[in-house]
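Look for chain A in each of the two complexes below; its partner is chain B in the first and chain C in the second.
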Partner chain A sequence: MGRFLAATRGFGRWDWTDWAAHAYLVLGVLVMLGPVLWLGLSSLKSESGLLVFPPTLLPYEQASVAVEGRGNLKLFHVTAGEYAGHDLAEVRRLGLQSQLVDPAAPATLIRLPLDSRVPVTRLRAAWENYSGLFEQFDFLRYLWNSVFITAVATILTLLLNSMAAFALSKYRFAGREPVFLLMLATLMIPPTIVLVPNYLIAATLGLTNSPWGVIWPAVATPTGVFLLRQYMLTLPDELIEAARMDNASEWRIYWRIVLPLSAPALAVLAIFSVMWRWNEFLWPMVVLSRSESFTLPLALNAFQGELTTQWNFLLAMTMVTLIPVTVIFLALQRHITQGIASAGVK
Partner chain B sequence: MGSLSLRDVAKSFGDVKIIHEVSFDIPDGGFTVFVGPSGCGKSTLLRMICGLETVSGGVIEIDGTRVNDVPAARRGLAMVFQSYALYPHMTVFENMAFGLENIATPADEIARRVGEAARMLKLEPYLQRKPTALSGGQRQRVAIGRAIVREPRIFLFDEPLSNLDAELRVGMRAELIDLHRRLRTTMIYVTHDQVEAMTMADTIVVLRAGRVEQVGAPLDLYNHPANVFVAGFIGSPRMNLLSGKVHRLDDAGVSVELPGHGVFTTTARRTRLQVGEPVTLGVRPEHIRLDGDHNMLAGGVAGVEQLGGLSYIRLAESEVTVQLPGQTKLGFADTARVHLPADMIHLFDADGLAVPRVGVTA
Partner chain C sequence: MNALASLFAALMNLPERPMRWAQGRLSGGRLGWVFVAPNLAVFAVFTFLPIAIDLHYALTGGTNLLPAERPFVGGDNFASLLDCSNHFDASSCRRDLFWYGIWNTLRFVVFQVGLMLVFSLLTAIVLNSKIIGRGFFRAVFFYPVLLSPVVVALIWKWILQREGILNAGFIGAGITPVNWLLHGNWAFFWSVFVSIWAHMGFYTLILLAGLQAIPAEIHEAAAMDATPPWRHFQRITLPLLMPSVLVVFVLGLIRAVQIFDEVYVLTGGGPGTATTFIVQYIYKTGFADQVRQYGLAAAASLLLAGVLLVLTLIQLRGMKRG
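After this line comes the complex of A and B, so read on.
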């Protein structure tokens, strides 16, 4: 890994092209990873910490201290006057004056001008943003809706698309090419154009406000059929003929021979499908109007209220939303490279 | 049981006719080889027999039952493909068991049959490996094993040895012959290699351009080729074929004049031929000798191949190849006079058909 990162053009020392390449790559990392990192750190800030100006990178929070008889008070550092250098707890603000007490001697009230004190901050991750998701909102329901739709739609997509691809790649029948081209041609129609007709169909079938209203229209993807068909074309026909000689039914050929051998292409399509369904926004928003059937993107959208937006929860929820796709990608990533590599060799 | 009979079997792809009304019988328990140059339709014929290609015309019968419309799996045949077509994601055991699982064979029966086949093919140490972890010869054996466990009526082999290197091929050839001797099952084997055909077959079917040229035992084909094509195709190095004209018709045989080389006597029967008719004279390199006083053909030596135990010389002009025993002192540009023994000469008429010989009923 270290050697890979420090690799040069091969002259043993750093050429200007190496500098340029590394600078470009570092820039790429910052552009790609920066916002995610920023989001992650911000999701750990408290509500007030988010509104601090100038913004801080790390989640800081004003320290507070329990003072006998006065409850939890915010801690300030005094910069001028008699008490300069002391950390005092603020009891209340009165105009331009602040009433403070020394936590060690809470009986004496100290009056100081506002500009002679700065808040004492300390690093603290506001995990309650995350726990609050579960306590204050129906987050689990949204998560379940999203997981259910993504999982079921992906399984159905893989199943139906691979069946179509099997037929289109391994059976010779009249009209095979026209059917395939027709399927590809639908790629050229923007989804927004079929949004209304699709909604009318979904509404007539009674699929609105049901996860199936999101799942069914999504399972047949021309991209998926195309991807799988191209891969299956590379499987030798002799394998299928051998299976046919081996008394395998067409279903068994598909299930036991074609599907396992298409695993790399299926992994690619699985990742695509998961990302599509997980991040899908427009169609679910049209079909799902009741909040209990919302998916995560819809719930995120609902967080942005007309008057107030609870940014701390919004950011935490966004973070949680990112996790499953990342995990799936990491898990299947090896198959993608394998799929591409084997498709290149054979 | 496993006899096969083809009656006027034909195959066309669109307007192109690949197989022209082919008829022959294959007896039960025999080893039959389809041989012919590439593109002659031998693989297509095999695929029609096993049911992977439809039949455009004629009848295919297995054990006396018409199977034209019977699906491949129900014909009771097993095929070994040129590329082996092993399932790459299954182990050797699973590869061999797949066909049996599909017909709901009990697990212990599967284990017994696969074990037996593995023992026969010396595959036992490899049963849990994937095909990619095997050598070419081992993959070949797995493919054969997959065919054996199904206990088919007829084995079909589609150029199974063509992906192996020369040394392994000779070894596998012997193994296949041995396997046939033990199983006594009908085997049909397709190859373009006439040496394979000669060494393995009980019966050879020579095909050219979708037609059967000749069917017979290997030595019958060698000794009595029915036409110029079979004469040239069977035997290595190939038979010398020289164009000439009928010079004289005698009861003892026909004399042929080869332009520029004089008159040669043969033992071909005079029937069917007329003086002056164009004919082709064929004689195998191994039948030509250096000593003799008639039927002599002279020519400069255009090439010499010394194999140690054998030597080949090629004569200029006539392009005749001569096989000589042992080593030869003849060199490039020497003149050689060679004798073509009359009883070893094959004569073919203007249509390329063999002219029967005196005293031979064939």
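After this line comes the complex of A and C, so read on.
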């Protein structure tokens, strides 16, 4: 047995660096994932459950009971005195005293000091935080705005960037190199630099408070053109020549031959584009000022800035914003990490 | 779904006819221009034209958005931004917020980029060693990169609030709780921390790819010579990893200079001006203030663009060498 462990580098052969490495990683998981899990757990707590300090890990909630003639009352467990061991419902608090009744015999009022009772709690996920988003807020609209912008911008990005990449990789024309360099140069002009003029242009074109105001400035990405061009350069020119022999039009060659063959690179760009548009914040905040045109991040920001933040809804809304990205990541984890490692872009 | 697909296919066949027509008229590769045109047009309208308009705004004054109705003021906007009796004391400047933004950004860049480089390098090295569950750990460290900055900020705001879980832990451990986001230095610390938390996975991935590109034979040769680990790292791993480190350094720098989203939602730039950075100044001056001073915002943008241009050129030089 000992020999077996040693042969396969079991725990017995770990030296201190192995222990340190794994300790670092476990700590890392705690720091990277812990906050997100905490958000998820907190989003399932009721409004009153969120006010409990110190907070409980799981969504506990004080149990209540319907008492005849008195409505819904909070349930307490009595710890001392004559009623020790009983669960009583609190009618009201009077200074340091509490007025309680036995739910079974609601006629007799019982007075007890506050410190002789503890709340009865039970585990309950407050799904109403999530359903409330749809009932009390324009949440569906924000969700739709985000989905629409993300989907349309991604399709347009793939189309425009792949057309440009096709020309830049498969045609020889005067000005090809300057055009390519010009497109690369736009990498140096991040959106933060052109906020003011882009706002003017969006206003002139009537794009403010419209999803198109977010979509159009974003669809011609230098990253996408570069990524697709590099990929298309690896496609053999013979394929295109053969298609030309068969009298296929150039558009057909692009659309029926080059595009399907570029699927892996298109997939990487699609993932990037979805992440970019879904998470984008500053430019949408500038160009979308009316709340009905808000995307999810804008709605979140506006909502958290209000004086009386309703954390139960805010946490649920944050979770809903986070879930699509998380699902995509879980499904495409390998492609995403490999795509980024190879492209070196974000 | 099928109907949608066929609709899409039909749409994509629409350009066939006009493209055939163009194909008949354009000889050689000149059809390439037609394919490049849409992308180039969007670039022209939303990237190149704005640079020119930026210049126009920067050289004109007033609060009118329409370029034609803005009075020419020459270098006044720049002069106003740079007007300080002591350039090292932001409060002595006419546009003090701009200078608070500059100094805060500088401080932020030093701490954020420096610490992020250290942690992403450390994480990449650990992930590259013989560990159990590498794929899982790599995914965990990368995950926050994909989150919206607003989501990132709200996650941490919830943890850092006065009655948040961090303070609960502090009380449990017998330490006085802190109102994290209401103390200037703490708010700044958390801005740096949260932004490292959100971005280091990306840089870790680049460094990990760099580490994996180092041929195993080199490590084996060093192991044969019984090179001590630290010396091995210093003399072999680090020099070979240098191109990736440089990429990470400059990319991190370019992004850190433009810090805005997550910190803006987390702290709103406060308390006071403790976490107000240069992009927030541009946003505030151009869009959030009662009186929108587009000229000042554009001038500040151009100054920022100058810094970014220098950084990008350094990156391109570094990449060529790498």
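Criterion: the second predicted complex is superposed on the first by the 292 of 346 C-alpha atoms of A that agree within 3 Å, B and C clash if a C-alpha of one lies under 4 Å from a C-alpha of the other, contacts with A are read in each partner's own complex, and residues count from 1 in each chain.
By our rule, a residue touches a chain if its C-beta (ideal position, glycine included) is under 8 Å from a C-beta of that chain, and two chains touch if they have at least 3 such contacts.
In this text the structure is predicted, and so the values were computed from the model without any measurement.
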Contacts of A:R70 with chain B and chain C, given as first, second, both or neither: neither
Contacts of A:R141 with chain B and chain C, given as first, second, both or neither: neither
Touched partner set for A:H86, first chain B, second chain C, both or neither: neither
First, second, both or neither for A:L261, with chain B first and chain C second: first
Greater chain A contact set [chain C / chain B]: C
Which superposed partner A:P35 touches (first chain B, second chain C, both, neither): second
Partner chain in contact with A:R124 - chain B first, chain C second, else both or neither: neither
Which superposed partner A:M245 touches (first chain B, second chain C, both, neither): first
Touching partner for A:F329 - first (chain B), second (chain C), both, neither: second
Residues of chain A contacting chain B in one complex and chain C in the other: 249, 252
Residues of chain A touching chain C in the complex: 9, 17-18, 21-22, 24-25, 28-29, 31-33, 35-36, 38-39, 42, 51, 53-55, 159-161, 163-164, 166-168, 171-173, 175-176, 179, 182-183, 186-190, 192-201, 203, 216-217, 219-220, 225, 249-252, 254-255, 275, 278-279, 281-282, 285-286, 296-297, 300-301, 304-305, 311, 314-315, 318, 321-322, 325-326, 328-329, 333-334, 336-337, 340-342, 344, 346
In the complex, chain A residues that touch chain B: 236, 238-239, 241-249, 252, 256-257, 260-261
Chain A contact footprint on chain B (complex, rising order): 50, 52, 71-73, 77-79, 81-83, 85-89, 98-99, 102-103, 146, 150
In the complex with chain A, residue positions of chain C that touch it: 12-13, 15-16, 19-20, 23, 28-36, 38-40, 42-43, 45-54, 57, 65-67, 122-123, 126-127, 129-132, 135, 137-151, 154-159, 163-165, 168, 171-172, 197, 201-202, 205-206, 208-209, 229, 247, 251, 254, 258, 260-261, 265, 268, 279, 282-283, 286-287, 294, 297-298, 301-302, 304-305, 308-309, 312
